[in-house]
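Each of the next two complexes has chain A plus one other chain: chain B in the first, chain C in the second.
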Partner chain A sequence: MSRGRPALPPGAWISVVVLASLLLMALLAPWIAPHDPLAQDLANKLQGPSADHLLGTDRFGRDVLSRLMWGGRNAFGGVAICIAVAVLLGVPWGTIAGFWPRYVGTVLMRISDVMIAFPLLVLAIAITGSLGVGLVTSMVAVGLVLAPNTAQLTRAGVLATREQDFVASARLSGVWTPILLVRHVLPTALRPVVIQMTIYTGLTFVIQGALAFLGLGPQRPTPSWGSDLNDAYSQILSAPLLILPPGLLLGVVVLCVYRIGDALRDRMSSNLSPDNRKENDVVVA
Partner chain B sequence: MTVDSTLPARRGHGHPAPALRVSDLVVRYGNRRDAVRAVDGVSVEVARGTTLGIIGESGSGKSTLAKAIAGLVPVTSGTIAIAGPEGKPAPAASSVGRDGQVQMIFQDAVLALNPGRPVWKSVVEPLVPHRLTIPRELRDRAVELLGQVGLGPEIADRRPGQMSGGQRQRVTIARMVAARAPLVMCDEPVAALDISLQAGVLRLLDELRGTFDLTYVFISHDMSSIARIAHDVGVMYLGRLVEVGPAREVLQAPRHPYTQALIRAVPRVARGARDAEVQLLEGEIPDARRPPSGCRFRTRCPFAQEICAREEPRPEAVAEPAPGGGSAHQTACHFWREIRAGTAPRQPR
Partner chain C sequence: MQQRPHRHGFRAAALTAALVSALAACGSGSDGAGGGTTLRTLQGLKPSQFDPCGPANGSETAYLAAIYAPLIRTDPGTGKLSPGIATEWKFSDGQKTLTLKLRTGLKFQDDTPLDAAAVKKSIEQCLALQNQQIPGLKSIEVQGADTLVFQLAAPSGGLPDMLGSRIGMIASPTAREKEGDKYGAKPAGAGPFRLAGFVPGASVTLEKWAGYQQAGLPAAKVDRITSQMISDPSAQVAALTGGQVDFAWRLDYSAPKALQGTDVRAQHNLGVSMSNLSIDRSQGPLRDKRVRQAISYAIDRSALAKANTSGLSDVGAQQPFPPGNAFHFNELDGAYPYDPAKAKQLLAEAGHPNGLTLRGVALNSPSFINNGVVISDQLAKVGIKVRFEAKDIGDATKGFYAEHKYDIMSSGMNSGPDWLSIHRRLLSTKSSGNAGNVPIPGGEEAIARANAAQGDQELQAALKNAHQVLQEELPAILLYYSPTVTAWTGRVTGGTASIALNGEADLTALGLK
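On to the complex of A and B.
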């Protein structure tokens, strides 16, 4: 009698496990990293993998593996900041615009239209420039840039949900509007937003790498996947393999995030589709 | 068009004031150019403790009328007066739900219940509209309410997706009872149910009306549901009320050619009935953005004359109110007398 939820496909499970272990590795970096990520050893620079340095050393002789572990803290933390900003700003923005669409909503949506008209990365760079360069500021900037998109998607969901009969019923019962929004409107309206956030999570890893690559993220010598990628890129002729660890890692993380997002989307749309609803309509004796 | 009738006390209720008085109500959708006047000048009264049935085809504006009375769609012009408890005038009718005076039962109960919540919470929600969480103690009250609509206690913890259509509609009825609103809009409440379940839900609604002295506006396109539950019947066509009166008179002696056509279109399951007796109404309901001039039904009316395109028919009383009370039977047709007498010329088709 319980609503059977389709199990996550194996690919999504693998992605969850990979991401969880990378996150754990980043969190435990101070204890498990084999070397100090900042310690230079110029005598052993640009070494290939060895027992002491499992992924080799960079151009200052720093341990690549340790830097990736420590860099993961910045990567995951930065993405969390970015998504938090996008959600905390975009969801209330879109909710208000969707529930009061006539005047307030029109104004709010024109503001988001203007922001969306700028290319994402350019706007993020501009905001970072005005806030000051750094991990937190660059990620807040990306969050600010993603917020109008989040708001528009939220608004679309709220607009559709507020017309539903169960929302009308609650309104007729005099349910207080903030409670109405939290209890009845948002759980349904935010389903597409949840999926969108997984896409943004993947996107943010890439943007974060790009901003760090451009020197707008964490400043040297702080370990970061993007700036390590930049370092490796500068040595591409002398040590071409050095670009692989941070590049592959970034790619794997993004793929895993997208795979989980896909699985979430399939699962939610199967819950929403009329076919499935009919199935659930079966009388329970 | 107005249907002015002072409704005397009916069935010994002794409440002279109507529970609902709608005057010249207009509901317009869309912007000026392409605006649809979904409800266009409807006036009607419903006596307390009675059921007004509204029939009409899809697009006649009957659902919009119910939603406007409930405050779910904005009113363009006209007034809606709802009597408060003990016949006192209700607060200014401007808010959604009219400050708890109006409840609504929807056609598709699966859409009318929050899919993610156990139904007991939906049932008692009207009791605690300002609480962020629904207190667990109210579960007993919910079970009691579910019992009143013929559902067992095991239903309480289910989600809407785990119940049958009939059970779900009973849950929304239990919520309506919990809300204690004197006026209830029933928007095709049994249309989505199996025929075998319809009678039970209709009977339940009628019993609750008697128990709690409720007043219903019952929207339907199904004549048999209307015949079973309504005391008065109004017939809508393209946003207008073309005929209104006591149910028996309207259904058995319809005066407006549209009502007559609607009733003739009902297939009868009876001995000797032949398909040939079922006459379908020809044509489609016209575009509500550009309604026909004069009488709106003239484009499909077999009796239409030149005057029908020119002049909008005013509602006329076709019978005196019955001595025991009840609303006068009125219709808006230029030729209702001739049609009754059988002397109205039919348009060749």
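On to the complex of A and C.
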């Protein structure tokens, strides 16, 4: 009997295809977008779908589809920045705290406790305000806010792994500590972190949209799903359907990311013993 | 044992009935918590304080005009001056001395007597706060309890109009002294209403002041006015159509269309509020008048107005006052038609044949940001690249006026009804609206000519000249007159009369059937 990993369910495959398509559309936007996302046509504003504008036009007569395609570049790019900051800061933070838990770890975890005590979005807005408004700054701010959670999860994984026999034998055989961490501890300890990152990815799409909606993301007229949703919302009494394209798109992307995260968790959990599975349960921040 | 649930059920039903009754009473509007009639209003902007001499953001004006008796009253609908605390006023010494005769027996809401000495002290306190100024003022003299004399260094025919504006809203000097920095939250005027409650960003409550004596404003027609601050367009419409409010002003531009077919009457007017581009002439390419003129030719004002007012207006602005105003001159409307070719030609003459890049900032409010979006697209067509960063008013004005980090700012101004203040702001060298305090050729002379004008005809000619200087030099590029949207239900009386020239509501005109 083979003890292979379970196949990805159809829902996860569909999510992968949808996300990959959206990512591809965003990357190829300069070549495949039907219109310039900034080109205004004030005489044809708030138009419904037509052959020329498949998703209609916004309050400035700009093509909604083209703006969504271009906005994807900011959305995916911003999420990548955020996750990179959370991982690059949170993983070393948690690794040090988990491997040397007594004094250094205690101090590092108290710092993370303090940061986690603040509501996520409020802290992100405060940091964005101090760094300056923009896509990169707002996403760095969210990454900074997610880093303590990442650190705590990493620490839990490292604490459990450092007691394993294979780590003890590597240590006794004189493996240099950084090598020990990178080659022996982290590959096992980071499994829950990988799953958590998929959840953070979905969460970051939502937060990014929220920050842009509040005017803290890419500045107008740069295409952005959040600010386009805000523009559409401001016209809700005149053109109520305009909120659907950016709103639905954000919803679909988040659902797809979470679906993939679920599948990833199932797949990784199948390789763990029941005890480890419990230790590696992921907690949504 | 089995009856208990029934007893609980009865208690719950009784409690629910009591709550429903209480909530119904709260929502009825005619009988507020303190009894009497309550007019429930909403406005789309958020006031932060109620001192006419404090930092102004414009949204507090309607409340100030109900709390404070004016020294001279400016009619909200026509801009004409009429008696307030002062019953008469006259110039002498070639418009360098203004003498006002005051009513006697008046009091402030904190019981301080309102006489000439109190008015003098109040105005001096106001000037000391440095948000308001009276140009050329040498002294204010008190002659008895009812006579006040303004001595001026130069003719200032615009002073009565200025005294009919914010600086003429007389605050109790005792209250201002007592409250210090907190006066803005605890105001005391001599108007028909007093401030009874203020939750920043959420609500304002005014109550009828029983001690009001005639001082230019009509007596209160309701016992209480509550006001909610709601900026969300759909929530504004829902509050009006759902019966939560009786009267609303400064509504979103989409409201008139959304209120069509309902019982709520909506009206939009071209007010004296204006969108404009402030220009920093102290540095960069905008020192050259031709570049400023090129920008003015490159903007399609009519399309801009239509796009950013939900179609309520397509009237571009090329002079401070809108059509229909006594100081609007039709013959000046054609100074800058939309002419991209002319704009390119001027740019080439100024040494920018391949265009140029400007640094822009927009005040962080949807209308100014959206103006920036449209303008950056229109300017791109003549080769001017500019992107407007959205900044809160403090950061934007600091960056623009003090640090000169930007060349151009998308903002707005309220042109009235005090002509002297607006022309000083636009044309004087020392104006806070003049980035870098760069002299405007002909600007000071134009203001002096208007101040020295004798009679309406001379004043008209002087102001026309001032507008021509403005159009030639372009210290600011005017864009369009911002419409104001007001709406009210059938319960309200005085709705139409309450719409002031400046887009604010004259709350003293409102009553309930």
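Keep in mind that, in the parts below, the second predicted complex is superposed on the first by the 270 of 285 C-alpha atoms of A that agree within 3 Å, B and C clash if a C-alpha of one lies under 4 Å from a C-alpha of the other, contacts with A are read in each partner's own complex, and residues count from 1 in each chain.
Basically, a residue touches a chain if its C-beta (ideal position, glycine included) is under 8 Å from a C-beta of that chain, and two chains touch if they have at least 3 such contacts.
This structure is a prediction, so every number in the text was calculated from the model and none was measured.
Contacts of A:44 after superposition on the shared chain: neither chain B nor chain C is touched.
Contacts of A:184 after superposition: chain B is touched, whereas chain C is not reached.
By the touch criterion defined above, A:238 lies against chain C but remains apart from chain B after alignment on the C-alpha atoms of chain A. When the shared chain is aligned, chain B comes close enough to touch A:164, but chain C does not.
In the superposition on chain A, contact of A:219 is made with chain C only, not with chain B. After overlaying the two complexes on the shared chain, residue contacts for A:175 are found with chain B alone; chain C is out of touch. Contact residues on chain A toward chain B in their complex (touch as defined above): 1, 3, 164-166, 168-176, 179, 182-184, 187-188, 277, 280-281, 283-284.
Touching chain A in their complex are the following residues of chain C: 233-234, 237, 252, 254-255, 257-258, 303, 306-307, 310, 364, 366, 369-370, 372-374, 376-377, 387-390. Chain contact summary for the complex, chain B toward chain A: residues 70-72, 96-97, 99-100, 102-104, 106, 108, 110-117, 122, 125-126, 129-132, 158-159, 161-165, 172, 175, 179, 181.
Against chain C, in their complex, chain A makes its touches with residues 38-40, 42-43, 45, 59-60, 133, 215, 219-221, 234-238.
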